[in-house]
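In the two assemblies presented below, chain A is common to both, partnered first by chain B and then by chain C.
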Partner chain A sequence: MSRQANRATDSKKMNSELFTLTYGALVTQLCKDYENDEEVNKQLDKMGYNIGVRLIEDFLARSSIGRCQDFRETADVIAKVAFKMYLGITPSVTNWSPAGDEFSLILENNPLVDFVELPDNHSTLIYSNLLCGVLRGALEMVQMAVDVKFAQDTLRGDSVTEIRMKFIKRIEENLPAGDE
Partner chain B sequence: MADETLFEFLHMEIVSHVYKEQQSSKGTMDNKDRAVCVSVLEGMGFRVGQGLIERLTRDSPSFKDELDIMKFICKDFWTKVFRRQVDNLRTNHQGTYVLQDNKFNLLTQLSNGKQYLDQAPKYLAFSCGVVRGALSNLGLESVVTAEVSVMPSCKFQVVIQKLP
Partner chain C sequence: MEARFTRGKSAILERPLSRPKTEVSVSAFALLFSEVVQYCQSRVYSVSELQARLAELGQRVGASLLDVLVLREKNGKRETKVLNILLFIKVSVWRSLFGKEADKLEQANDDDKTYYIIEKEPLVNTYISVPKENSTLNCAAFTGGIIEAILTHSGFPAKVTVHWHKGTTLMIKFDEAVITRDKVLEGR
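Up next, the complex of A and B:
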């Protein structure tokens, strides 16, 4: 019985290890292909965006969450449902701006960086930048233009990883010409 | 948890990126370009396979022989990585093995038959590398290729390289 339980948790861990290791291989490859960290950061963001615009459909299908009423609800859904579903962690939502259009996601531990150390010559690399692109792409598909960036990163010596999300504007749905 | 889905999306995007990058410098793709793409993906898979097998076999006793290793790959390793066991393992007992997976999970999203058959190799290169990396860390150098005739069924051919 206990052996079965071990298998189950092992298989969960293994799957996220597959993702973590693959992500590491990707970053390594990008560092080889591009001359500077800035370019790698850009590529990670772009790839994340491409993933995000498709991932949102998968997310909506799995979670059957309806339309969020406001940005606060969006923040909660991202932290408590989406992150939990895909990365197995629940970041906390904090540091709301007075206008309510900006907040932080604090990740106590970031599964992408398990066993990762940044070498000295990559001090400006934003290792997990894919996540920013994913969030941006996904939210764009639900009519929200947002700016997402890493404010703190444990890989660069900070004590936690902090993702700052800012609401820019609502994207109007473009109806095809002739629709009333 | 749907982390397998996240991996699948990441894998697809990586394949797309590698091919786009190789193409952008010229605008078209010839066979040499395709070979480069396959090689890059295979190389990435190799590192991942090495890492995965290391964690998986950390506490296991050592294997009896080559066949024992291949059976482990077909059952435990395949389950951990591709979420199912290999359906059929054949060997000529001279270092060549054919692993057949009838529902290879990285192909199920592509098609259920012959559509996009020419695209399949792109999506198998990484996995071939994963298998080769795993075997390498277990002491077996190999050449791993994959063949698809009807998706999502796939045959991986492993040829163990004997030391001279």
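Up next, the complex of A and C:
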């Protein structure tokens, strides 16, 4: 995506409203095109995954962050660097499982849901599911398989938005066929 | 009473409408927009259908944006003249969407219904390379949709089309009635 010339260390910013409304228009379109919320959720996750796969390169180039030592460091980088860089928010990292393989990101402000209200007939829609896909796709590119899902969502009346992330395994480095 | 009024689900209604300071990175938008384009592409057969789909999405954005912009930028005052609504788009709408004014606003020499908004490098096209076999594709059709919705919902029904000319040119063609009305207003 970003060409060498405009790969500034500090990424350019823009008003979040265009971003929010574009996302809203996309979700609305998906709701029209697919029969049920399940399918829409799946599609959002898939799109997010595609974004994540591409975003990680942009992220590594801009942030010049090296390999994380452990999952805790990964969690911190996601919350404090990645979310900050792309969405301008810093979620808090909490609720670690005793084994240290599972945590929650608490988003106080989710820019995707500004102006949004879920109508009653879309009660199973996971509106921001794109984010799960993004996290999953990006981490997969750095050899981490994770399970990401929304545990709480302000759109459904919860007091905060909570994304739960679980470490599954380290992916063995296999160079894709035909790649040097 | 409906649950959403009592559960506090509609906190959205309590929030001020004044300009928020929130920002996201252009990369985030570029990646999202790229997915939007790919999704639309997967469901159509031609460039014109793809542009029509992008425009449709843009119209939704424009329709949601209009009221809040009029309130913030104009204190709720609506424009009644063609030239003023065009300036509103060139200056206020553009600035809030893209952080800058549009490069140029021009009127067609030979047609009083037609105006052009010219943008050398539209934000939405910054990270898009158009494939050779589809060289007419211009994803700013999305922006065209936004503008069309803003004009139409402001009472200036128009068709907006997008062309590769001096960068990207949005061609705004107002309905006959709009221009007639404008002339009557002028005469007063």
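By our rule, the second predicted complex is superposed on the first by the 160 of 180 C-alpha atoms of A that agree within 3 Å, B and C clash if a C-alpha of one lies under 4 Å from a C-alpha of the other, contacts with A are read in each partner's own complex, and residues count from 1 in each chain.
As a convention for this text, a residue touches a chain if its C-beta (ideal position, glycine included) is under 8 Å from a C-beta of that chain, and two chains touch if they have at least 3 such contacts.
Keep in mind that this is a model prediction, so the values were computed, not measured.
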item: Clash or fit, chain B versus chain C on superposed chain A; value: clash
item: Partner chain(s) touched by A:V142 [first = chain B, second = chain C, both, neither]; value: neither
item: Touched partner set for A:I65, first chain B, second chain C, both or neither; value: neither
item: Which partner, chain B or chain C, touches more chain A residues; value: C
item: Touched partner set for A:I51, first chain B, second chain C, both or neither; value: both
item: Touched partner set for A:I168, first chain B, second chain C, both or neither; value: neither
item: Partner chain(s) touched by A:N109 [first = chain B, second = chain C, both, neither]; value: second
item: Contacts of A:A25 with chain B and chain C, given as first, second, both or neither; value: both
item: Partner chain(s) touched by A:G157 [first = chain B, second = chain C, both, neither]; value: second
item: Those residues of chain A which chain B touches in one complex and chain C touches in the other; value: 11-12, 14-19, 21-26, 28-29, 33, 43, 47, 50-51, 54-55, 58, 85-88, 130
item: Chain A residues within the chain C interface of the complex; value: 1-2, 11-19, 21-26, 28-30, 33, 43, 47, 50-51, 54-55, 58, 85-88, 109, 111, 114-117, 130, 154-157
item: Interfacial residue positions of chain C with respect to chain A in the complex; value: 4, 7-12, 20, 22-36, 38-39, 43, 56-58, 60-61, 64-65, 96-99, 123, 127, 142
item: Residue ranges of chain A touching chain B (in the complex, touch as defined); value: 10-12, 14-19, 21-26, 28-29, 33, 43, 47, 50-51, 54-55, 58, 62, 84-88, 130
item: Touch list for chain B against partner chain A, complex; value: 1-7, 9-11, 13-14, 16-17, 21, 40, 43-45, 47-48, 51-52, 55-56, 79-81, 83, 126
